[in-house]
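You will see two complexes here that share chain A, one where it goes with chain B and one where it goes with chain C.
Here is the complex of A and B:
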(Lines of atoms letter the chains of each structure in order from A and count residues from 1; the text may use other names and numbers.)
(Lines give C-alpha, C1' and ligand atoms only; values in the text may rest on other atoms or scores of the structure.)
Protein backbone atom coordinates (compact mmCIF):
# COMPACT_ATOMS: atom_id res chain seq x y z
CA UNK A 1 0.00 0.00 0.00
CA UNK A 2 1.63 3.29 -1.07
CA UNK A 3 2.35 5.84 1.65
CA UNK A 4 0.12 8.91 1.68
CA UNK A 5 1.29 12.45 2.42
CA UNK A 6 -0.85 12.44 5.58
CA UNK A 7 0.89 9.31 6.89
CA UNK A 8 4.34 10.93 6.76
CA UNK A 9 6.11 12.87 9.49
CA UNK A 10 9.37 14.76 9.36
CA UNK A 11 12.11 12.59 10.82
CA UNK A 12 10.19 9.36 10.24
CA UNK A 13 12.21 6.49 8.85
CA UNK A 14 11.07 4.71 5.71
CA UNK A 15 10.93 0.91 5.82
CA UNK A 16 14.17 -0.91 5.07
CA UNK A 17 14.38 -3.21 2.09
CA UNK A 18 17.01 -5.89 1.59
CA UNK A 19 18.26 -6.87 -1.85
CA UNK A 20 20.95 -9.24 -3.01
CA UNK A 21 21.66 -8.53 -6.68
CA UNK A 22 22.94 -11.63 -8.43
CA UNK A 23 25.56 -11.85 -11.15
CA UNK A 24 22.76 -12.88 -13.55
CA UNK A 25 20.87 -9.68 -12.74
CA UNK A 26 23.99 -7.57 -13.32
CA UNK A 27 24.49 -9.33 -16.66
CA UNK A 28 20.90 -8.61 -17.64
CA UNK A 29 21.25 -4.98 -16.61
CA UNK A 30 24.48 -4.50 -18.57
CA UNK A 31 22.88 -6.16 -21.58
CA UNK A 32 19.80 -3.94 -21.39
CA UNK A 33 21.59 -0.63 -20.95
CA UNK A 34 24.74 -1.23 -22.98
CA UNK A 35 26.83 -0.88 -19.84
CA UNK A 36 30.31 -2.15 -20.52
CA UNK A 37 33.25 -2.41 -18.19
CA UNK A 38 35.22 -5.33 -16.85
CA UNK A 39 34.77 -4.04 -13.32
CA UNK A 40 31.12 -5.09 -13.52
CA UNK A 41 31.55 -8.60 -14.87
CA UNK A 42 35.14 -9.86 -14.74
CA UNK A 43 36.22 -11.34 -11.39
CA UNK A 44 39.91 -11.39 -12.36
CA UNK A 45 39.87 -7.74 -13.38
CA UNK A 46 38.12 -6.77 -10.15
CA UNK A 47 40.70 -8.62 -8.08
CA UNK A 48 43.86 -7.74 -9.93
CA UNK A 49 43.18 -4.21 -11.14
CA UNK A 50 40.83 -2.90 -8.49
CA UNK A 51 41.80 -4.86 -5.41
CA UNK A 52 38.20 -5.90 -4.84
CA UNK A 53 37.00 -9.38 -3.88
CA UNK A 54 34.79 -9.55 -6.97
CA UNK A 55 33.01 -7.56 -9.69
CA UNK A 56 30.82 -4.67 -8.65
CA UNK A 57 27.27 -3.52 -9.29
CA UNK A 58 26.93 -0.59 -11.72
CA UNK A 59 26.00 2.67 -10.02
CA UNK A 60 23.07 3.18 -12.36
CA UNK A 61 21.72 -0.24 -11.41
CA UNK A 62 21.72 0.87 -7.76
CA UNK A 63 19.96 4.02 -8.94
CA UNK A 64 17.34 1.73 -10.44
CA UNK A 65 16.93 -0.04 -7.10
CA UNK A 66 16.35 3.28 -5.34
CA UNK A 67 13.87 4.38 -7.98
CA UNK A 68 12.01 1.12 -7.55
CA UNK A 69 12.11 1.52 -3.74
CA UNK A 70 10.48 4.94 -4.10
CA UNK A 71 7.85 3.63 -6.49
CA UNK A 72 7.07 0.80 -4.08
CA UNK A 73 6.47 3.21 -1.20
CA UNK A 74 4.95 6.15 -3.04
CA UNK A 75 3.07 4.44 -5.85
CA UNK A 76 2.03 6.67 -8.70
CA UNK A 77 3.07 9.90 -6.99
CA UNK A 78 5.70 11.64 -9.08
CA UNK A 79 9.38 11.39 -8.22
CA UNK A 80 10.42 14.94 -9.12
CA UNK A 81 14.04 14.67 -7.95
CA UNK A 82 16.46 11.83 -7.33
CA UNK A 83 20.02 12.83 -6.56
CA UNK A 84 22.67 10.27 -5.62
CA UNK A 85 26.28 10.13 -4.54
CA UNK A 86 27.97 6.80 -5.12
CA UNK A 87 30.58 6.42 -2.38
CA UNK A 88 31.58 2.76 -2.19
CA UNK A 89 31.35 -0.26 -4.49
CA UNK A 90 28.80 -2.99 -3.81
CA UNK A 91 29.59 -6.55 -4.79
CA UNK A 92 27.49 -9.13 -6.62
CA UNK A 93 25.57 -11.60 -4.46
CA UNK A 94 26.02 -9.53 -1.28
CA UNK A 95 23.00 -8.24 0.59
CA UNK A 96 22.41 -4.50 0.62
CA UNK A 97 19.95 -2.55 2.73
CA UNK A 98 17.96 0.28 1.18
CA UNK A 99 16.33 2.79 3.46
CA UNK A 100 15.54 6.43 4.01
CA UNK A 101 14.03 9.16 6.09
CA UNK A 102 11.54 11.96 5.61
CA UNK A 103 13.43 15.22 5.97
CA UNK A 104 10.79 17.79 5.11
CA UNK A 105 7.11 18.05 4.29
CA UNK A 106 6.04 21.20 2.47
CA UNK A 107 3.39 22.83 0.34
CA UNK A 108 4.15 25.07 -2.61
CA UNK A 109 1.65 26.57 -5.04
CA UNK A 110 -1.04 24.25 -3.76
CA UNK A 111 1.06 21.10 -4.25
CA UNK A 112 2.41 18.94 -1.47
CA UNK A 113 5.96 17.63 -1.47
CA UNK A 114 7.98 15.25 0.69
CA UNK A 115 11.77 15.61 0.71
CA UNK A 116 13.61 12.42 1.56
CA UNK A 117 17.09 11.21 2.34
CA UNK A 118 17.92 7.79 0.94
CA UNK A 119 20.75 5.36 1.41
CA UNK A 120 22.14 1.97 0.53
CA UNK A 121 24.22 0.24 3.22
CA UNK A 122 26.44 -2.79 2.83
CA UNK A 123 26.45 -5.64 5.39
CA UNK A 124 29.26 -3.93 7.34
CA UNK A 125 26.99 -0.94 7.83
CA UNK A 126 28.99 1.27 5.48
CA UNK A 127 26.96 3.64 3.37
CA UNK A 128 27.67 2.90 -0.28
CA UNK A 129 25.10 5.35 -1.68
CA UNK A 130 23.69 8.52 -0.18
CA UNK A 131 20.79 10.18 -1.91
CA UNK A 132 17.99 12.68 -1.76
CA UNK A 133 14.62 12.64 -3.44
CA UNK A 134 11.44 14.64 -3.66
CA UNK A 135 7.98 13.17 -4.08
CA UNK A 136 5.11 15.33 -5.36
CA UNK A 137 1.69 14.29 -4.09
CA UNK A 138 -1.44 14.87 -6.16
CA UNK B 1 33.17 3.16 -30.07
CA UNK B 2 32.26 6.80 -29.48
CA UNK B 3 34.86 9.33 -28.44
CA UNK B 4 35.04 12.88 -27.22
CA UNK B 5 35.51 15.43 -29.98
CA UNK B 6 38.36 17.94 -29.91
CA UNK B 7 38.04 19.62 -26.58
CA UNK B 8 36.63 23.08 -27.06
CA UNK B 9 33.55 24.75 -25.72
CA UNK B 10 30.62 24.38 -28.09
CA UNK B 11 31.96 21.21 -29.73
CA UNK B 12 29.11 18.81 -30.56
CA UNK B 13 29.24 15.32 -29.09
CA UNK B 14 28.98 12.29 -31.36
CA UNK B 15 25.42 11.16 -31.92
CA UNK B 16 24.42 7.71 -30.74
CA UNK B 17 21.28 6.22 -32.26
CA UNK B 18 19.54 3.47 -30.31
CA UNK B 19 16.32 1.53 -30.59
CA UNK B 20 15.56 0.00 -27.19
CA UNK B 21 13.50 -3.12 -27.80
CA UNK B 22 10.84 -4.73 -25.63
CA UNK B 23 13.31 -7.57 -24.99
CA UNK B 24 15.89 -5.10 -23.67
CA UNK B 25 13.31 -3.43 -21.45
CA UNK B 26 12.30 -6.86 -20.16
CA UNK B 27 15.94 -7.62 -19.31
CA UNK B 28 16.19 -4.29 -17.50
CA UNK B 29 13.02 -5.01 -15.53
CA UNK B 30 14.29 -8.46 -14.58
CA UNK B 31 17.60 -7.00 -13.46
CA UNK B 32 16.20 -4.23 -11.31
CA UNK B 33 12.98 -5.85 -10.15
CA UNK B 34 10.73 -3.12 -11.55
CA UNK B 35 7.21 -4.53 -11.58
CA UNK B 36 5.24 -1.60 -12.90
CA UNK B 37 2.90 -2.62 -15.75
CA UNK B 38 3.27 0.58 -17.82
CA UNK B 39 6.81 -0.59 -18.59
CA UNK B 40 5.81 -3.92 -20.12
CA UNK B 41 2.05 -4.06 -20.69
CA UNK B 42 0.62 -2.03 -23.60
CA UNK B 43 -2.92 -2.28 -22.26
CA UNK B 44 -1.95 -1.08 -18.78
CA UNK B 45 -0.01 1.76 -20.36
CA UNK B 46 -3.03 2.77 -22.47
CA UNK B 47 -5.19 2.84 -19.33
CA UNK B 48 -2.89 5.57 -17.97
CA UNK B 49 -3.16 7.63 -21.14
CA UNK B 50 0.05 6.44 -22.81
CA UNK B 51 0.11 5.06 -26.35
CA UNK B 52 1.78 1.82 -25.25
CA UNK B 53 4.46 0.48 -22.91
CA UNK B 54 7.26 2.95 -22.19
CA UNK B 55 10.95 2.74 -21.36
CA UNK B 56 11.71 3.30 -17.65
CA UNK B 57 13.49 6.58 -16.95
CA UNK B 58 16.14 4.65 -15.05
CA UNK B 59 16.89 2.65 -18.18
CA UNK B 60 17.29 5.86 -20.18
CA UNK B 61 19.55 7.09 -17.43
CA UNK B 62 21.54 3.88 -17.81
CA UNK B 63 21.87 4.45 -21.56
CA UNK B 64 23.16 7.97 -20.92
CA UNK B 65 25.67 6.72 -18.35
CA UNK B 66 26.89 4.05 -20.75
CA UNK B 67 27.35 6.74 -23.44
CA UNK B 68 29.19 9.04 -21.02
CA UNK B 69 31.45 6.25 -19.79
CA UNK B 70 32.50 5.62 -23.37
CA UNK B 71 33.24 9.31 -23.86
CA UNK B 72 35.34 9.34 -20.70
CA UNK B 73 37.60 6.49 -21.88
CA UNK B 74 40.43 5.79 -21.41
CA UNK B 75 41.49 8.07 -18.56
CA UNK B 76 38.35 9.74 -17.32
CA UNK B 77 35.44 9.30 -15.00
CA UNK B 78 31.85 10.40 -14.99
CA UNK B 79 31.44 12.49 -11.86
CA UNK B 80 27.97 14.03 -12.24
CA UNK B 81 24.83 13.41 -14.24
CA UNK B 82 21.62 15.34 -13.76
CA UNK B 83 18.60 14.57 -15.90
CA UNK B 84 15.10 15.88 -16.37
CA UNK B 85 12.71 13.35 -17.91
CA UNK B 86 10.23 15.30 -19.97
CA UNK B 87 8.43 12.86 -22.25
CA UNK B 88 7.89 9.12 -22.45
CA UNK B 89 9.83 7.03 -24.94
CA UNK B 90 8.22 3.90 -26.30
CA UNK B 91 9.61 0.41 -26.86
CA UNK B 92 11.00 -0.04 -30.35
CA UNK B 93 11.10 3.67 -31.22
CA UNK B 94 14.48 5.05 -32.31
CA UNK B 95 16.09 7.60 -30.00
CA UNK B 96 19.25 9.65 -30.40
CA UNK B 97 21.69 10.73 -27.70
CA UNK B 98 23.54 13.93 -28.54
CA UNK B 99 24.91 17.02 -26.87
CA UNK B 100 27.76 19.46 -26.69
CA UNK B 101 30.65 20.59 -24.54
CA UNK B 102 29.58 23.65 -22.60
CA UNK B 103 32.62 24.40 -20.46
CA UNK B 104 36.14 23.14 -19.86
CA UNK B 105 37.94 23.72 -16.58
CA UNK B 106 41.64 22.97 -16.58
CA UNK B 107 43.76 22.53 -13.49
CA UNK B 108 47.36 21.37 -13.10
CA UNK B 109 46.30 17.78 -12.79
CA UNK B 110 43.10 17.31 -14.77
CA UNK B 111 40.32 18.70 -16.90
CA UNK B 112 36.66 18.86 -15.99
CA UNK B 113 34.44 18.75 -19.05
CA UNK B 114 30.92 20.10 -18.63
CA UNK B 115 28.37 18.70 -21.06
CA UNK B 116 24.79 19.26 -22.06
CA UNK B 117 23.02 16.16 -23.32
CA UNK B 118 19.65 15.25 -24.67
CA UNK B 119 17.72 12.25 -25.85
CA UNK B 120 15.58 13.09 -28.84
CA UNK B 121 12.85 11.20 -30.62
CA UNK B 122 12.59 10.78 -34.38
CA UNK B 123 10.66 14.05 -34.72
CA UNK B 124 13.57 15.77 -32.96
CA UNK B 125 11.55 16.32 -29.79
CA UNK B 126 13.71 16.03 -26.67
CA UNK B 127 12.48 13.47 -24.16
CA UNK B 128 15.39 13.86 -21.72
CA UNK B 129 17.60 16.86 -21.05
CA UNK B 130 20.74 16.36 -18.98
CA UNK B 131 23.92 17.95 -17.83
CA UNK B 132 27.03 16.03 -16.88
CA UNK B 133 30.66 16.40 -15.88
CA UNK B 134 33.57 14.22 -16.91
CA UNK B 135 36.88 14.35 -15.09
CA UNK B 136 39.78 13.68 -17.46
CA UNK B 137 43.38 13.06 -16.52
CA UNK B 138 46.01 15.26 -18.20
CA UNK B 139 47.06 12.81 -20.92
CA UNK B 140 44.11 13.99 -23.01
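Here is the complex of A and C:
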Protein backbone atom coordinates (compact mmCIF):
# COMPACT_ATOMS: atom_id res chain seq x y z
CA UNK A 1 0.00 0.00 0.00
CA UNK A 2 1.62 3.31 -1.03
CA UNK A 3 2.34 5.82 1.71
CA UNK A 4 0.01 8.82 1.81
CA UNK A 5 1.10 12.37 2.57
CA UNK A 6 -0.90 12.23 5.82
CA UNK A 7 0.98 9.14 6.98
CA UNK A 8 4.38 10.84 6.72
CA UNK A 9 6.26 12.72 9.41
CA UNK A 10 9.43 14.72 9.15
CA UNK A 11 12.34 12.62 10.38
CA UNK A 12 10.55 9.33 9.72
CA UNK A 13 12.73 6.66 8.16
CA UNK A 14 11.64 4.65 5.15
CA UNK A 15 12.13 0.89 5.31
CA UNK A 16 15.41 -0.45 3.98
CA UNK A 17 15.53 -2.57 0.86
CA UNK A 18 18.36 -4.87 -0.21
CA UNK A 19 19.45 -5.29 -3.82
CA UNK A 20 22.28 -7.46 -5.12
CA UNK A 21 22.77 -6.75 -8.82
CA UNK A 22 24.42 -9.63 -10.64
CA UNK A 23 26.83 -9.38 -13.54
CA UNK A 24 24.05 -10.71 -15.80
CA UNK A 25 21.78 -7.88 -14.64
CA UNK A 26 24.46 -5.28 -15.29
CA UNK A 27 24.97 -6.72 -18.76
CA UNK A 28 21.21 -6.63 -19.43
CA UNK A 29 21.03 -3.07 -18.13
CA UNK A 30 23.92 -1.93 -20.35
CA UNK A 31 22.26 -3.63 -23.35
CA UNK A 32 18.86 -2.05 -22.65
CA UNK A 33 20.20 1.47 -22.13
CA UNK A 34 23.20 1.51 -24.43
CA UNK A 35 25.42 2.21 -21.43
CA UNK A 36 29.03 1.84 -22.50
CA UNK A 37 32.17 1.69 -20.43
CA UNK A 38 34.60 -1.18 -19.82
CA UNK A 39 34.65 -0.32 -16.10
CA UNK A 40 31.15 -1.84 -15.89
CA UNK A 41 31.95 -5.24 -17.37
CA UNK A 42 35.68 -5.78 -17.85
CA UNK A 43 37.42 -6.90 -14.62
CA UNK A 44 40.90 -6.34 -16.02
CA UNK A 45 40.14 -2.82 -17.22
CA UNK A 46 38.44 -1.91 -13.94
CA UNK A 47 41.43 -3.11 -11.92
CA UNK A 48 44.39 -2.21 -14.12
CA UNK A 49 43.26 0.99 -15.76
CA UNK A 50 40.88 2.46 -13.22
CA UNK A 51 42.31 1.16 -9.95
CA UNK A 52 38.89 -0.22 -8.95
CA UNK A 53 38.42 -3.51 -7.03
CA UNK A 54 36.41 -4.95 -9.92
CA UNK A 55 33.72 -4.03 -12.44
CA UNK A 56 31.22 -1.61 -10.98
CA UNK A 57 27.49 -0.95 -11.11
CA UNK A 58 26.65 1.90 -13.54
CA UNK A 59 25.53 5.04 -11.72
CA UNK A 60 22.37 5.27 -13.81
CA UNK A 61 21.47 1.69 -12.83
CA UNK A 62 21.51 2.79 -9.18
CA UNK A 63 19.33 5.69 -10.27
CA UNK A 64 16.88 3.09 -11.59
CA UNK A 65 16.98 1.22 -8.26
CA UNK A 66 16.21 4.41 -6.34
CA UNK A 67 13.37 5.22 -8.73
CA UNK A 68 11.93 1.74 -8.07
CA UNK A 69 12.43 2.17 -4.32
CA UNK A 70 10.46 5.43 -4.37
CA UNK A 71 7.61 4.02 -6.46
CA UNK A 72 7.44 1.03 -4.15
CA UNK A 73 6.77 3.37 -1.21
CA UNK A 74 4.86 6.16 -2.91
CA UNK A 75 3.07 4.40 -5.76
CA UNK A 76 1.92 6.57 -8.59
CA UNK A 77 2.73 9.85 -6.83
CA UNK A 78 5.05 11.80 -9.06
CA UNK A 79 8.77 11.86 -8.45
CA UNK A 80 9.61 15.42 -9.44
CA UNK A 81 13.25 15.37 -8.39
CA UNK A 82 15.79 12.62 -7.95
CA UNK A 83 19.41 13.45 -7.22
CA UNK A 84 22.30 11.10 -6.58
CA UNK A 85 25.85 11.81 -5.51
CA UNK A 86 28.01 8.81 -6.29
CA UNK A 87 30.53 8.64 -3.47
CA UNK A 88 31.91 5.14 -3.84
CA UNK A 89 31.68 2.46 -6.51
CA UNK A 90 29.39 -0.53 -5.88
CA UNK A 91 30.53 -3.91 -7.16
CA UNK A 92 28.67 -6.69 -8.96
CA UNK A 93 27.12 -9.44 -6.83
CA UNK A 94 27.53 -7.40 -3.63
CA UNK A 95 24.50 -6.47 -1.55
CA UNK A 96 23.44 -2.83 -1.44
CA UNK A 97 21.09 -1.44 1.19
CA UNK A 98 18.76 1.30 0.00
CA UNK A 99 17.10 3.54 2.56
CA UNK A 100 15.72 6.99 3.10
CA UNK A 101 14.24 9.54 5.43
CA UNK A 102 11.55 12.21 5.17
CA UNK A 103 13.27 15.57 5.61
CA UNK A 104 10.48 18.04 4.92
CA UNK A 105 6.75 18.09 4.26
CA UNK A 106 5.45 21.22 2.57
CA UNK A 107 2.64 22.78 0.59
CA UNK A 108 3.19 25.09 -2.33
CA UNK A 109 0.52 26.55 -4.61
CA UNK A 110 -2.01 24.08 -3.28
CA UNK A 111 0.20 21.05 -3.94
CA UNK A 112 1.77 18.89 -1.28
CA UNK A 113 5.35 17.72 -1.44
CA UNK A 114 7.61 15.43 0.55
CA UNK A 115 11.35 16.02 0.41
CA UNK A 116 13.46 12.97 1.13
CA UNK A 117 17.05 12.01 1.73
CA UNK A 118 18.08 8.74 0.16
CA UNK A 119 21.12 6.54 0.43
CA UNK A 120 22.75 3.36 -0.73
CA UNK A 121 25.13 1.62 1.68
CA UNK A 122 27.58 -1.18 0.96
CA UNK A 123 28.00 -4.20 3.29
CA UNK A 124 30.80 -2.39 5.16
CA UNK A 125 28.27 0.30 6.06
CA UNK A 126 29.93 2.85 3.80
CA UNK A 127 27.62 5.18 1.97
CA UNK A 128 28.12 4.69 -1.75
CA UNK A 129 25.32 7.03 -2.80
CA UNK A 130 23.82 10.03 -1.07
CA UNK A 131 20.65 11.18 -2.73
CA UNK A 132 17.61 13.34 -2.43
CA UNK A 133 14.15 13.28 -3.94
CA UNK A 134 10.90 15.15 -3.98
CA UNK A 135 7.52 13.45 -4.25
CA UNK A 136 4.47 15.45 -5.38
CA UNK A 137 1.14 14.23 -3.96
CA UNK A 138 -2.15 14.71 -5.80
CA UNK B 1 51.59 19.42 -13.46
CA UNK B 2 51.59 20.74 -9.91
CA UNK B 3 48.44 20.67 -7.79
CA UNK B 4 48.45 24.47 -7.78
CA UNK B 5 48.04 24.66 -11.52
CA UNK B 6 44.45 24.84 -12.73
CA UNK B 7 43.25 22.00 -14.94
CA UNK B 8 40.71 24.31 -16.56
CA UNK B 9 42.05 25.47 -19.91
CA UNK B 10 40.73 28.33 -22.07
CA UNK B 11 39.26 25.74 -24.45
CA UNK B 12 37.32 24.21 -21.57
CA UNK B 13 36.05 27.60 -20.48
CA UNK B 14 34.88 28.24 -24.02
CA UNK B 15 32.91 24.99 -23.97
CA UNK B 16 30.79 26.04 -20.96
CA UNK B 17 27.27 26.82 -22.08
CA UNK B 18 27.68 25.23 -25.50
CA UNK B 19 24.70 23.28 -26.83
CA UNK B 20 24.81 20.25 -29.10
CA UNK B 21 22.52 19.21 -31.90
CA UNK B 22 19.02 18.23 -30.71
CA UNK B 23 18.30 14.50 -31.05
CA UNK B 24 14.95 12.75 -31.05
CA UNK B 25 13.97 9.37 -29.68
CA UNK B 26 10.77 7.53 -28.87
CA UNK B 27 9.94 5.86 -25.58
CA UNK B 28 9.78 2.38 -27.03
CA UNK B 29 7.78 -0.35 -25.27
CA UNK B 30 10.23 -3.10 -26.17
CA UNK B 31 13.25 -1.20 -24.82
CA UNK B 32 11.38 -0.13 -21.68
CA UNK B 33 10.39 -3.74 -21.05
CA UNK B 34 13.99 -4.93 -21.47
CA UNK B 35 15.09 -2.29 -18.98
CA UNK B 36 12.36 -3.27 -16.53
CA UNK B 37 13.54 -6.87 -16.69
CA UNK B 38 17.18 -5.81 -16.17
CA UNK B 39 16.10 -3.93 -13.04
CA UNK B 40 13.98 -6.90 -11.83
CA UNK B 41 10.89 -4.71 -11.88
CA UNK B 42 8.28 -6.16 -9.50
CA UNK B 43 5.33 -3.87 -10.29
CA UNK B 44 2.97 -6.20 -12.17
CA UNK B 45 0.73 -3.39 -13.44
CA UNK B 46 3.69 -1.51 -14.83
CA UNK B 47 5.06 -4.61 -16.52
CA UNK B 48 1.65 -5.34 -18.02
CA UNK B 49 1.37 -1.77 -19.34
CA UNK B 50 4.78 -2.01 -20.99
CA UNK B 51 4.03 -5.46 -22.40
CA UNK B 52 0.79 -4.27 -23.97
CA UNK B 53 2.30 -0.98 -25.17
CA UNK B 54 -0.28 1.02 -23.19
CA UNK B 55 0.36 4.65 -24.18
CA UNK B 56 -1.74 6.08 -21.35
CA UNK B 57 -0.05 4.43 -18.38
CA UNK B 58 2.57 6.69 -16.70
CA UNK B 59 6.00 5.17 -17.04
CA UNK B 60 8.66 5.47 -14.34
CA UNK B 61 11.27 8.19 -14.72
CA UNK B 62 13.88 5.53 -15.42
CA UNK B 63 12.19 4.91 -18.79
CA UNK B 64 14.20 7.93 -19.96
CA UNK B 65 17.33 5.80 -19.58
CA UNK B 66 16.24 3.90 -22.71
CA UNK B 67 17.06 7.04 -24.68
CA UNK B 68 20.62 7.14 -23.34
CA UNK B 69 22.17 6.45 -26.73
CA UNK B 70 20.51 9.61 -28.08
CA UNK B 71 21.60 11.55 -25.02
CA UNK B 72 24.83 12.82 -26.52
CA UNK B 73 27.45 13.76 -23.96
CA UNK B 74 29.30 16.69 -25.47
CA UNK B 75 33.05 16.29 -25.47
CA UNK B 76 34.98 18.85 -23.51
CA UNK B 77 38.53 19.53 -24.73
CA UNK B 78 41.58 18.81 -22.59
CA UNK B 79 39.81 16.73 -19.92
CA UNK B 80 41.82 13.81 -18.43
CA UNK B 81 40.85 10.46 -19.91
CA UNK B 82 39.98 8.69 -16.63
CA UNK B 83 36.42 9.52 -15.73
CA UNK B 84 33.65 8.36 -13.40
CA UNK B 85 30.10 9.54 -12.94
CA UNK B 86 29.94 11.68 -9.80
CA UNK B 87 26.31 12.75 -9.63
CA UNK B 88 22.97 12.54 -11.41
CA UNK B 89 20.01 14.84 -10.99
CA UNK B 90 16.62 14.53 -12.64
CA UNK B 91 14.03 17.28 -12.49
CA UNK B 92 10.82 15.81 -13.87
CA UNK B 93 7.98 18.14 -14.80
CA UNK B 94 5.59 16.02 -16.89
CA UNK B 95 4.56 12.37 -17.16
CA UNK B 96 6.37 9.97 -19.47
CA UNK B 97 4.41 7.56 -21.68
CA UNK B 98 5.24 4.82 -24.12
CA UNK B 99 5.18 6.27 -27.63
CA UNK B 100 6.26 9.75 -26.52
CA UNK B 101 8.74 11.32 -28.91
CA UNK B 102 11.39 13.19 -27.00
CA UNK B 103 13.63 15.92 -28.32
CA UNK B 104 16.84 15.94 -26.32
CA UNK B 105 19.11 18.97 -26.26
CA UNK B 106 22.57 18.49 -24.73
CA UNK B 107 24.55 21.27 -23.08
CA UNK B 108 27.77 21.68 -21.11
CA UNK B 109 26.36 23.41 -18.06
CA UNK B 110 29.38 24.03 -15.88
CA UNK B 111 32.95 22.95 -15.11
CA UNK B 112 34.53 23.01 -11.66
CA UNK B 113 37.75 21.65 -10.27
CA UNK B 114 38.66 20.07 -6.99
CA UNK B 115 42.05 19.69 -5.38
CA UNK B 116 42.40 16.62 -3.16
CA UNK B 117 39.82 13.91 -2.54
CA UNK B 118 39.83 10.24 -3.50
CA UNK B 119 41.02 10.85 -7.03
CA UNK B 120 43.35 13.78 -6.42
CA UNK B 121 43.17 16.96 -8.45
CA UNK B 122 40.11 16.51 -10.61
CA UNK B 123 37.57 18.20 -12.81
CA UNK B 124 33.80 18.08 -12.43
CA UNK B 125 32.05 18.52 -15.75
CA UNK B 126 28.31 19.14 -15.45
CA UNK B 127 26.39 17.96 -18.52
CA UNK B 128 22.71 18.76 -18.95
CA UNK B 129 20.01 17.42 -21.25
CA UNK B 130 16.58 18.96 -21.65
CA UNK B 131 13.82 16.56 -22.72
CA UNK B 132 10.78 17.97 -24.52
CA UNK B 133 7.89 15.79 -25.69
CA UNK B 134 5.95 15.85 -28.97
CA UNK B 135 3.54 18.44 -27.50
CA UNK B 136 6.40 20.88 -26.89
CA UNK B 137 6.15 20.29 -23.14
CA UNK B 138 9.35 20.08 -21.13
CA UNK B 139 9.39 16.67 -19.50
CA UNK B 140 12.73 16.55 -17.73
CA UNK B 141 16.08 18.16 -17.14
CA UNK B 142 18.78 15.59 -16.59
CA UNK B 143 22.07 16.76 -15.16
CA UNK B 144 25.09 14.50 -14.89
CA UNK B 145 28.38 15.36 -13.23
CA UNK B 146 31.40 13.48 -14.51
CA UNK B 147 34.68 13.54 -12.57
CA UNK B 148 37.78 13.49 -14.75
CA UNK B 149 40.98 12.59 -12.96
CA UNK B 150 44.63 11.85 -13.68
CA UNK B 151 45.66 9.41 -10.97
CA UNK B 152 44.18 5.98 -10.30
CA UNK B 153 41.07 5.69 -8.13
CA UNK B 154 41.75 4.51 -4.57
CA UNK B 155 38.87 2.03 -4.93
CA UNK B 156 37.20 3.37 -1.81
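Here is the rule we use: the second predicted complex is superposed on the first by the 138 of 138 C-alpha atoms of A that agree within 3 Å, B and C clash if a C-alpha of one lies under 4 Å from a C-alpha of the other, contacts with A are read in each partner's own complex, and residues count from 1 in each chain.
The rule we apply is simple: a residue touches a chain if its C-beta (ideal position, glycine included) is under 8 Å from a C-beta of that chain, and two chains touch if they have at least 3 such contacts.
Everything quoted here is computed from the prediction, not taken from an experiment.
Three-chain overlay on chain A, with chain B and chain C in a clash. In the superposition on chain A, contact of A:4 is made with neither chain B nor chain C. Once the two structures are overlaid, the count of chain A residues touched is higher for C than for its counterpart among chain B and chain C.
By the touch criterion defined above, A:78 lies against chain C but remains apart from chain B after alignment on the C-alpha atoms of chain A. Judged by the touch definition given at the top, the superposed model places A:88 against chain C, while chain B stays out of reach. By the touch criterion defined above, A:61 lies against chain B and chain C together after alignment on the C-alpha atoms of chain A.
Once the two complexes are overlaid on the shared chain, A:35 sits against chain B and chain C alike. Of the two partner chains placed by superposition, A:20 touches none, neither chain B nor chain C. By the touch criterion defined above, A:51 reaches chain C but does not reach chain B.
In the superposition on chain A, chain A positions 25, 28-29, 31-35, 58-61, 63-65, 67-68, 71, 83 are in contact with chain B in one complex as well as with chain C in the other.
Contacts from chain C toward chain A in the complex involve residues 31, 34-35, 37-43, 58, 60-62, 65-66, 68-69, 82, 84-93, 95, 152-156.
Within the complex formed with chain B, the residues of chain A that make contact are 19, 21, 25-29, 31-37, 58-61, 63-65, 67-68, 71, 83. Those residues of chain B lying in contact with chain A across their complex are 18, 24-25, 27-28, 30-34, 36, 56-59, 61-63, 65-67, 69-70, 82. Within the complex, the chain A residues that touch chain C are 25, 28-29, 31-35, 39, 49-53, 58-61, 63-65, 67-68, 71-72, 76, 78-86, 88-89, 126.
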